[in-house]
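Multiple structures are listed underneath, in C-alpha cells.
You will see two complexes here that share subunit A, one where it goes with subunit B and one where it goes with subunit C.
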Partner chain A sequence: MPEEENSDLVSLTIDGVEVQVSEDSTVIEAAEKAGVVVPHYCYHPGIPTRPAQCRVCLVEVEGQDKLQPSCKLPVQDGMEVHTDSDDAELARKSVIEFLLVNHPLDCPICDAAGQCMLQDYAFETGQLQSRLNEEKLVMGRDRIADDILYFADRCIICTRCVRFMREVAQDDSLVVAQRGDRAYIDTFPDEDLDNPFQGNIVDVCPVGALVHEDYLFKARAWDMDKTPSICPGCSNGCNVTLDTKENQIVRLKPRYNGEVNSYWMCDYGRKHLVMGNRGVRTEVPLVRQGGELEPMDWSDALAAVGERLGGIEGGSAVVSPDACNESLHYFRRLLDTLGVPADAGSYRVEQGEEHTLPGFPKLTLREDRAANGTGADLFGFRRVESWPEPEPGAPLFVLQETLREAPESYAEDASFFLYLGSHLSPAARRADAVLPVTTFAEMAGTFTNHEGRVQRFQKALQPPGIARPAWMVLSGLLARSGDGSPVLDAADAFGEMTDERPEMAVLNWGRVGLKGQTLDSGAGAEAGAGAR
Partner chain B sequence: MSDEVELHPAVAGAQPYMRAETQGENSAPEDAPLFDDGAGRERLEKVLSRYPTRRAALLPLLNYAQERNGWVSRPAMKEIAGELDLTPAYVHSVATFYTMYNQRPVGKYLIQVCTNISCDLCGGEEVLERFLEETGTRPGETSEDGLYTVMEVECLGACGFATVVQVNDEYYEDVTPERVPEILDELD
Partner chain C sequence: MPGNVKVVQRPNETSSYVRAALKGMKVTMKHLLDPHTVTQQYPDEKWELSPRMRGTHRMATHEDGRAKCVACGLCPTVCPVNCIKLIPAEDENGERYAAVYEIDEFRCIFCGYCQEVCPVEAIHLGAHYENSEYTRERWVYDLERLCEQDHPFTALWDPADPRSQ
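Our next item is the complex of A and B:
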C-alpha cells in the first residue's frame, strides 16, 4: 500500500463505512482499511500489475453505470462504493460460477482446502449446486519445478504466479500457454523453473493449482498450528510463520514485513528448516561421573556443573551464530564471571551464495547462513573461519555450536568441557557436562539481523525431554553463584539484557513486537550502535 | 500503381508471407537453425528493421519458422528467443496462444476445413468427415505417408462460398463431400 504521508488524503465510503486513504490508493485498498473484504484473485498487494482479469472484485460505485474492478479503480474524494449491492453480488456469484465450470471440486484431496480463496468465495455465494450439464475439461497436472507441481484443472488463470516470476523475481520463465478454456500455466517444455525464489508462486496461488511436493498430502490447513517466527536460514531475518502439526514443522510461509522480506521468502529458507525435524537431540542433562555421561535432572545437573565451575579461571568459548541474543547475553555474563578473556570467544558462520530478489532487493539470501551472526558480534564474540584449537589443559565452553565440523580430536585435552546444545555431535560427546537446550522453534527469543534489526520469534514446538532455552539454563547457573535470579520468561531475559547493554537500551519487548526494531531506531546518541 | 515506385527498404519484401514450397517432404529438418543461412539472416534483419523493439518481431519470426518447417519446433522457439532477447518460455506462450502456429509437424498438405456456422449449415461436418475418411487420419493427425494433415478450423472468412477448405495457402470454395477425392487427386 502506498505510503500515506507522501500524498494527500481523500475520504470515501465503502458499504457505508467512511475511510480516509491516500489519493493514490485503489478502492480495494481503501476497502481493506474500512474492514470490508472484497473477494479477489488476480490482485495481490505484492505484485505490481493489476490486470483486473479475474473480475471477482467488481464493485458498484454510485454515479457509474457499470460495475468497476476495485483492484484497479483509483479512489476519489466523496466516492460511494458498494460491495454488497445486488448487482455486485450477482456479478461475483456469476464470475465464480464460471470459474467453477471446469474446476474439479476435488477439495477433499486438495492441499489448498481450508486456505483456498475459491473454496471460501464459492461457499459464500451460497450456490452449492452446479447448474452445469456439460462435461468438464480434464487438463491433468505437470511438474513446474523440482518440488512444485501444477494441477491445471484447479487453476483459474489469475496469473499471480506468472506475474510474480516476471515482475518480482524478474525471471520470465513461467507463462500462460494456450488460450481460453485450454489455457494453463507452463514453463518451456521439458524445462523446470530454476529460481531461488520460485517457492513464492505456491504462496501466491489463491487456489490449489500450485503445490509444494514436499507438503503434498501432508497436512490439512486447519490441522496446523501457526506461530510467528524468524527464518534462521541466513542473516536476512525474514519474517515467517511456522506451520506445525504433531510437534513437527510441516512448512514455512513468509509473513509480511515491509522492512525485511515483504510478502516473500527464498527457497533455501523454506527447505532449510525441514531438516530441523531430524537428528539425535539432547533430551536430559548429562554430567560425566567416573568417565561416563550420567543423566540427571536439572537441579542435580546445575549443582554438579556449578561445583565444577567454582574452581575454574579462564579458558575459551565457542558460540553458534544461531543462538539467540538472550542466550548470548547470559553466556557472555557467565564467561565474564569465570574470567574467560573477552577475545577468547569465537563463532563461525557457514557461507553460501548470495541471491537477491530483484523486485524487492531487501530480501536477499545472505552469504552468512545463520540468523544471529550480528548478535554474536554484538556480544563480543570473534568471527573466525575455523575454531581455534582450545588451549590444552584449559576449560572450554560451547553454546549451541554443534561442532559437527570440528576436527576429531577437538577439545580432547580440555580441563573442563561444558556443552550447551541441542544436538550431540562426536566432538560434543566429549563434554564433561551436556546441558540440553532448545532450538529456536522450541523457545521464544530474539535474533539481530544483518542490518541490526532485532526480531522476536515465538515458541512453536514442545522441546524434547526436559531441554530448556539456553538463556533459562544459563541464568539458572548464574543464580547458583549468587549472580541474579533464574529467569523463566523470554520477556524478562530480554529485559535484563537491554538493561545491562547500553547499545540495546533503545529496544523494548513490546515495540519489537512482530515486526522488529532496529538498534539505531532510538533518537540520536545510540544511532548505528552495534549494527554492522 | 506504376512498377517504378521504389519501396522503402524497410517495407521491401513485405509481401504476404507465403507458405514455402519447402513444406512437407522437402521441409528442413526441425533442428536446422533458422538464421544460419543467408536467407534466414536476411529475413531476420528485414523483420527487425521494421519494428521499434526486438520483441515486436516475434510473430513475423514465428511465421518464418512455420514457413520453413511447416510448424514451430522447440529448437526454433529457442533460436527466436535468443535473437529477440526473450525467454524460450515467453516465445512458447505466444506460439501456443495463436492456434495457427502448428505445434506439431504437419503433412505436405495441411487441409483446414471450416466448420463454423455458415460452412456447417452447408455440410462442413460432412466435408471434414470425408477428408478424414479419404486420408485415413484423425483431426490434427498426419497421414502415414506424410502427405496430409486434416484440421477443423473456425471461420476462414469466405462464408459466401461455404463450405470453404484451405489447403496450404489455397482456398477451395463450395466444397461438397463428393468433391473431396477430386481435390485430393489434384494435390498429388
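Our next item is the complex of A and C:
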C-alpha cells in the first residue's frame, strides 16, 4: 500500500464513487480506498511486482475496448472504472470457473477453508455445479521446507510465494516448474527452502496450497479467536494476531504495521510462542510458612508478603525483559519504597543470530530475544551477562524472570526471596513467597521495542488458576502500605505510569492504539490508526 | 356464565343406575363378539418407524470398517447444542481423520443438521428409539460405537424427490 507521499493527487470514479489518490497508485488501490472490493489473487500489497496473471481483477474502464487488470493499471485523472459491469462480472466468473477446473474442491479437509480467497470468490459467483466432464488432474503433495507442505492440486499458480521469496526475502530458491495445467511450485532438486522468513509464503498463499505443518489439521479458521498482540520473540516488536482455540495459542499471524513489520514476520517468532502453552505454571499464591510453601488466596498472600516487606531495607532485584512496561513501573516503585539501590536491579537478555528481511529491512530478527529490554532500560534496570549473585543475607526480588539458567545455589542465602513469576523453576521453588502472574498473552499491557516504540497487546487467553497481571499484584502490594490504590485495568496502570514518568509523558493509551507510538514522537505525530 | 359453556340440567331426585349399567354391558358385549385391538404388544411387537424418524446417530463406514468421517469440523460447527466433540488428526497416509469423535446423545436435540451438513455423508441420524442405558456416560457415543450401530439411516428427505430437501 503506498503511503501518502507528496506526489500529485488525481481523482477518478470507481463504480460511481469518486476518490482522490496519488498518481503513482493503481486502480485496485484506488478501489480499496473507494470501498470497492476487487477480487484478486496474484496482487499482494506487500509484494512489489504485479504480474497481472491471475486475471481475476479485470475491470471495465470507459473509453477502453478491453477489460484491464486493475492491479497493474495506473490511475489517470478522470478515469471511470466499473468493477460490476456485465462484462467485468462475466470475465471474473469465467476466470474463476477455469481456476476450479483442476482444483480438488476438498474444502472440508483443507486448512484454508474459511479463510480462502478462492472459496470466497467462487461462492460469490454463484455457480454451484461444475460443467467439467473430464477427469481432474491429480498431482499430490510435496514438502518444500522443514515445516511447510505444498498441495499442488489446490495451487492456482498466483506465484505470490515465488515472488515473496524472490523480491522480499531475496532468495531465489522457489520457482514455478512446468507449464500450463501441470505447473507447480517447487524448490530446486535436492534443495529445501531454508530461509528465516519462509513462513510468510503460507500467509500470502490465497488458497490452501501452502500449509504450515504445525497447523495442519489443528483447527478450522472459524474456530479461532483472534487477538491483536505483539510478538515477544525479539526486540523488534512485530505486530501479530494471536489465533487461539480452547485457551491455547494455535498460531501467530503477522498484522500489518508499516512502521515495524509491514505484512511479514519471521519464523523464529512464529515458533517461539507455541512454547508458551507448555511448562509448569504458577496458579495460586504460595507463601512459606514453617519451611513449606503454603497456597493462599490473594488477600491473605498480599497481607503476609506486606508484613514481611515491612521490616526490609535494601536488597537486589532481577527482572525479565519479557515483563511489560506497566509491571516494570510498579516494580520499580516497590523497589524504591523498600530502599533498594537504583543500580541493584538487573536483567539479562538471551542473544541470538540477527536476520534482516532484505525487502523490508525494518523487519529484523534482533539479537535481543526478548520483547521489552528497552523498557527494562527505561526503568533503570541494568543489563548484565549473568545475574550477579545476590548478597548473602540480603533480600532478593524477582519479577517474571524464570531463573531457569541460574546456578544451582542461586539465592540460597537470601534473607527474603520474593518471586513474581508465571513459571515455577527449581530456583523459584526456594522463594519465600511466590506470587503467580500472567504471561503477556493473558493480560493487556505495553512493550517498548528496540527503537522506543511503545506498542499495546491485548488479552488473548484466560490465566491459569488465580494468576493476575504483575502490575495488578504490585499495585495491590503498594496500596497495602498506603502508596496509591490497587489498579485493576491496564489503561489505568498505563496512565499512572505515563503521569509519573516524564520521558513517557508523550504517550497516550488511545493514541498508542494498535499501531504503537514512539517515545520521541511529538504529541500526535505518530497517531495510530483506529485509536481504541 | 361465559360464552359457550354447556349447562347440563340434572334431575334433582335420585335416579336408577340400572339403565346406565345395561348400557355399559352392551358395549362390553359388543367388544367381546367383535374384538378390534388398539394396544400394541410392545416388546414382542416393534413400532414401524417412518423413514424420516430422527433418532440416535450412526456413522457410515467404508468397506474396510473405517469411518467415512474426514474430520472437516462442519458438524460441531453447525450443531446448535454443541453436542459433538471432534479432534482432527493426520493418519499414516497423511489423510485427515477424526482422532476423537463423540456425540452426547443426551444433549442432542435430533435436529439432523449434522447429517445435512456432512460433505461426505458420514454422520447420520438413525430410525431408532430403543436407547436405555445403565449410566449417563454410556450416552456419550464415541466413534467406535457410532460405527457399530446397525439401525437404518434417517432419510432427511425423500430420495425420489431430491428437491424436497
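Everything below uses one rule, namely that the second predicted complex is superposed on the first by the 521 of 532 C-alpha atoms of A that agree within 3 Å, B and C clash if a C-alpha of one lies under 4 Å from a C-alpha of the other, contacts with A are read in each partner's own complex, and residues count from 1 in each chain.
To be clear about the criterion, contacts are C-beta pairs under 8 Å (C-beta built on N, C-alpha and C of every residue); 3 or more make two chains touch, one makes a residue touch a chain.
None of the values given here were measured: they were computed from a predicted structure.
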Looking at A:V176 after the superposition, I want to know if it touches subunit B, subunit C, both of them or none. Which is it: first, second, both, neither? first
Contacts of A:W222 with subunit B and subunit C, given as first, second, both or neither: second
Would you sort A:P189 into first (subunit B), second (subunit C), both or neither based on which partner it touches? first
Looking at subunit A, does subunit B or subunit C touch a larger number of its residues? B
Which subunit A residues qualify as touching subunit C in the complex? 107-109, 113, 141, 216-218, 220, 222-223
Spell out the part of subunit A that touches subunit B in their complex, as residue ranges. 171-179, 186-191
Applying the document's contact rule, which stretches of subunit B touch subunit A when the two form their complex? 74, 77-78, 86-90, 92-93, 96-97, 99
Can you name the residues of subunit C that touch subunit A in the complex? 70-74, 77, 88-90, 94-96, 119-120
